[in-house]
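Each of the next two complexes has subunit A plus one more chain, namely subunit B in the first and subunit C in the second.
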Partner chain A sequence: MNVADYPDALPGPLAEFQSVTKWYGAVIGVNDISVTLEAGITGLLGPNGAGKTTFIKLLTGQLRPSLGNVLVCDAPARSAAARRHIGYCPDADAFYEEMSGRQFVRTMARLHGMSAVESRERTEQALAEVGMLDRADRTLRGCSKGMRQRIKLAQALVHQPAVLVVDEPLNGIDPVGRRELMELFRRCAARGQAVLVSSHILDEMDELADRIVFMGRGRVLAVGTLPDIRAMFAGQPLQIRIACRQQRELATRLIPWDQVLRIELSGIDELLLQVVRPDDFFRQFGELIQATSFDVSRLETTDTTTEATFQHVMSAAAKF
Partner chain B sequence: MKTTLSACGHLFWLTIRRQLCSRQTLACVALTGLCALIVLAWSRQADPTAKKLAEQVLVPTFVAFLMPIFAICYGASGIGGEREDQTLIYLLIVPITRPLVYFTKALAGLALVAGWTGGSLFLLCRLAGVPGLKLFAMFLPAALLGGLAYASLFLLVGAVFRHGTIISLVYWFFLEVLFGNLPGIVKRVSVAFYVRCMIYDSGGDLQLGPLGRVAREMFLPVSGMAATATLSAAVVALLALGVLLFETREYRDAC
Partner chain C sequence: MELDQAGYRTWEGQPRSPWWGCLSIVRVGLSLIFRRWVFWILIGLGLLNFLFHFAFIYLKATLSVQNENIARFLDNYKVTGTGQAYADFMFAQAGICALLLAFAGSTLIGSDYRQGGMVFYLSRGIGKWHYIVGKLLTIAAVVTIVTTLPALILFIEYGTLSNSFQYFLDNPRVLCGILGYGTVLAVVQSLLIFAIAAWVPRTVPLVMTWLGLFALLKGLADAMRAIDGNRYWLLLGFWDDMNRLGRWCFGSLDPNRIPSAGYCLAVLAALCVVSLVLIVRRVRAVEVVS
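This part shows the complex of A and B:
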């Protein structure tokens, strides 16, 4: 299997959860999940106990669904055929410690059935991709956390999988390294791989993910791009920051508007608004600015970030 | 098919290499050295005979102690070691079916146990001189089969329980050492009983058997053939059970 010729040629989802439920005895891990993963970067978000780990273990074939099916490239996730198409970078910092990074990645390549020559070539490619080509001969037990994280990623990439699952990939990586790995994930997505990134650091998702899967209490609460998900919660108040020299005059004009729930003056030229029906608000605000001489130098929404959207999703979920 | 075979072959050699370069090997070397010293000390007596060597040294030190230790070292750590090191995940995400992963690791573990058992038995017999060389062929089938039965059992224990090595040690001490020496038929649940039956059967010429009249009367042995069949069946059954459990089991501790 090679991403260069496989994922692009495969129409439809690279991985699919079909009404999947997983029970651990009397405890439910995930409840009736139906999600597809396509080429691109998908962020998996949720608080502790949301079911993210169960989701990943089902996708990587470590767990068997109690109900439903998990398919990877049309093969059941627990089958050997599916595992040819999936690369997994686990969260745990565990390796064959006596090996060097290069030996470890090559070992994983051999365990994927590659010949000695092919495994050597693919190992060098994978190490180059994660930026470890010149440092991979160090024994793993002597490597820093960041280097170990990169080696772990290299082993997940070495067989060029269609679906790459990475659990907390940026833990222990310095800012420059983070940028490099984010670039790597984007390259993977650009060549047709589905990259699923589970992370607690919501800011990472703002930059990284094409779409987000929000999980809570074992269910998928929302799936889509951040703007799409935010649009689902249009009824939820939105925070807006406006920089305007005529701070007080503008506030006076906005107070009577139905969409404006709250106005707060901040500093000498800033207004913090809480509005509902943001589309209506922005249209009316545009008309106001055109019709008056208010000098608005900046207008931004402060809660369309992943974190704010996550809070909206979680608070909405809590009502059920 | 070819890639699966290639992957299994690599897993086999990887297991052999990692097991050999482990603390378990150091333990095996040290304990074999200790037993070798015991044999050397024993061989300095005035009248060393094969019967005495079997009863005073090989049965109590090699059969009852060294052989199960080899099996614990390389059996319990086969899957159990991967679980304890949290590296089992790397075997669960490669495209080798779970039954094949277990079977390949079992083959590697059994090969190591067989190698250590045969090799150390040869060393001890060689050090004992002529009486030892007389006993080697007599002890070898029983020792190999017993070692393989122990290793299959401890491999299964390692795959099922989180702390497989400790549980294997506990099992060995309580079930094998205590039950194996109890009077009556309770001892028939222990591997050691069948190993001794095979040895006593093949050592009929030397009149090998439990020391003391009471022990001999209460031993209630089975024939060598029955013991061989029982141990062989145990190896196959334990391997099949291990494959089945490993295939169906969900390792939530694997990350």
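This part shows the complex of A and C:
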């Protein structure tokens, strides 16, 4: 099939894993994975050995699945046609150190089949997008980690891929740079591109990802938005911090409640609770505050974050 | 979804065939070699040898106009103009090129495996074979620039500075010899250095393996022939096999001398097949686990 048969942004899934399994000899990399990637930012999370790298390599066509199919814009991921729809920004940044950033990006553009003129134009645009236009003539050896990261992103964006795969993109980037790159990913998503971000820094995902794919032990454990995933795990204990001047009295009233698993006194006026069935707890707690004279100045949940959900998903997976 | 997309333009172009990517790989590879001064020492050595021959031809042409006896005297040395002379020149250049490849192999090929640069190639719109062909063409281009191209320039210079262009018509075998020997050197050396550098990517072990392959096997071949008396042992010396095949292209190889060009061709062809298998296995290994 011709590359032109695959338009840049198709309605529906831009990439699809269909019951994909990958073995490395006797070791299983990923096990019966079925996931679709659509326009928007998808976070890929999982501990070491969860199968994230295998997932990414299968998606970018570097690995052949042992079973199942990986499709990118309806083409098999290992075909040249599919690879032209994928922009891959790997974690490793080893390339020819003597090259300038501009030459590197241009070379990658030409490997995608662009002519000299097109590659030059697209290189400038990609460098502008990552904010490296004025610094791209430095050799890669002379670039800081943050600059190298941006150059790698530019080479992944240079051919305007339908699916952008970025592995640990914010490593070594300063806070301002992080903000800029997050904006860049959002721009890509707004254009209709599917952006898959693999990261260990879970806080990044809270801010960045529209959807999360949790992986563990070679399987996809959960897929969806963070609230969706939290709803799937209604029994997940929730941490709640309450600031109240009558700290001990309030603790005494809360101890008998079924929803409260643990109470910890913190500081002079703080309570740290671990509760289940949070909806029930908040309703009952509201009634208690209305009926009594407890002076509650602050109430907050401390672990609605990706990290807390991730920990819970992982502990749930360990039971299987 | 209300982010500013000002300045963003979609690329409307049609991607060309992935085989065009091979040319990009060649361009990158050559720029890597010609950018390092270390390699220029060896390239300079080859350039010196070329300039010596170039100057000698010019000198001979100039003196011939003034005194034909001097020209006849210089012809005795067979420095240039004959198939034998071109074969000798290319043999010397090939030695320099082999040294250059020994050191450049790590940069051109080894670094892709040692530092994980392969991922940038294999995630592009090119396949495994495009990568392999691109790298082989890069090495072949280096070999051609150092051996075949200078020989061709000398051939043209010699013919142009002769009294007539009859030299070109009288010596088609020399031209075939230059192209043939150049092809043998380019094909065998590119496959061999790619295979070795892919499996032994670090510079020092690569240099030792590469030079050991030629020097040690030649020594072994000579020793076995001396012990056994069988001249077919000489086929083990791959460097000499290339030389014999090259001289056969020039028509200056004694057809009755063992081993013949056919045997050398068979050995080198087998070596190329083994190298290609090793290359494909190595690239596939990176694709499976890296």
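Note that the second predicted complex is superposed on the first by the 307 of 320 C-alpha atoms of A that agree within 3 Å, B and C clash if a C-alpha of one lies under 4 Å from a C-alpha of the other, contacts with A are read in each partner's own complex, and residues count from 1 in each chain.
In this text, a contact is a pair of C-beta atoms (placed from the backbone, for glycine too) under 8 Å apart; a residue touches a chain by one contact, two chains touch by 3 or more.
Everything numeric in this text was worked out from a predicted model, so none of it was measured.
Asks: Just from the overlay, do subunit B and subunit C fit on subunit A, or is there a clash?
Replies: Subunit B/subunit C on subunit A - steric clash.
Asks: Return first, second, both or neither, reflecting whether A:E98 touches subunit B, subunit C, both chains, or no partner chain.
Replies: After superposing on A, A:E98 lies in contact with both subunit B and subunit C.
Asks: Of the partners subunit B and subunit C, which touch A:Q160 in the superposed model: first, second, both, neither?
Replies: A:Q160 contacts subunit C only, not subunit B.
Asks: Just checking: does A:L111 make contact with subunit B only, subunit C only, both, or neither of them? Give me first, second, both or neither.
Replies: After superposing on A, A:L111 lies in contact with both subunit B and subunit C.
Asks: Compare subunit B and subunit C by how many residues of subunit A each one touches, and report the one with more.
Replies: C
Asks: Is A:V176 in contact with subunit B, with subunit C, with both, or with neither (first, second, both, neither)?
Replies: After superposition on chain A, A:V176 lies in contact with neither partner.
Asks: Of the two partner chains, subunit B (first) and subunit C (second), which one does A:Q62 touch, if any: first, second, both, or neither?
Replies: both
Asks: A:L261 contacts which: subunit B (first), subunit C (second), both, neither?
Replies: Neither subunit B nor subunit C is touched by A:L261.
Asks: After lining up the shared chain so the two structures overlap, which partner does A:I86 touch, if you call subunit B first and subunit C second: first, second, both or neither?
Replies: Once the two structures are laid over each other on A, A:I86 reaches both partners.
Asks: Residues of subunit A that sit at the subunit B interface in one complex and at the subunit C interface in the other, please.
Replies: 24, 60-64, 80, 83-84, 86, 88, 90, 92, 94-96, 98, 107-108, 110-115, 155
Asks: Which residues, counting only subunit B, touch subunit A once they are in their complex?
Replies: Touch list, subunit B to subunit A: 2-4, 6-7, 10-11, 14, 18, 21, 85-87, 89-97, 250-252, 254-255.
Asks: Under the stated contact criterion, what part of subunit C meets subunit A in this complex?
Replies: Those residues of subunit C that touch subunit A are 1-5, 7-11, 13-18, 20-21, 23-25, 27-28, 31-32, 35-36, 107, 111, 115-117, 119-127, 287-290.
Asks: Given the complex with subunit C, which residues does subunit A contribute to the contact?
Replies: Residues in contact with subunit C: 3-4, 8, 24, 60-64, 80, 83-84, 86, 88, 90, 92, 94-96, 98-99, 103, 107-108, 110-115, 118, 122, 125, 128-129, 155, 159-160, 183, 186-187, 189-191.
Asks: Spell out the part of subunit A that touches subunit B in their complex, as residue ranges.
Replies: Residues 24, 57, 60-64, 79-81, 83-84, 86, 88, 90-92, 94-98, 107-108, 110-115, 155, 167 of subunit A touch subunit B in their complex.
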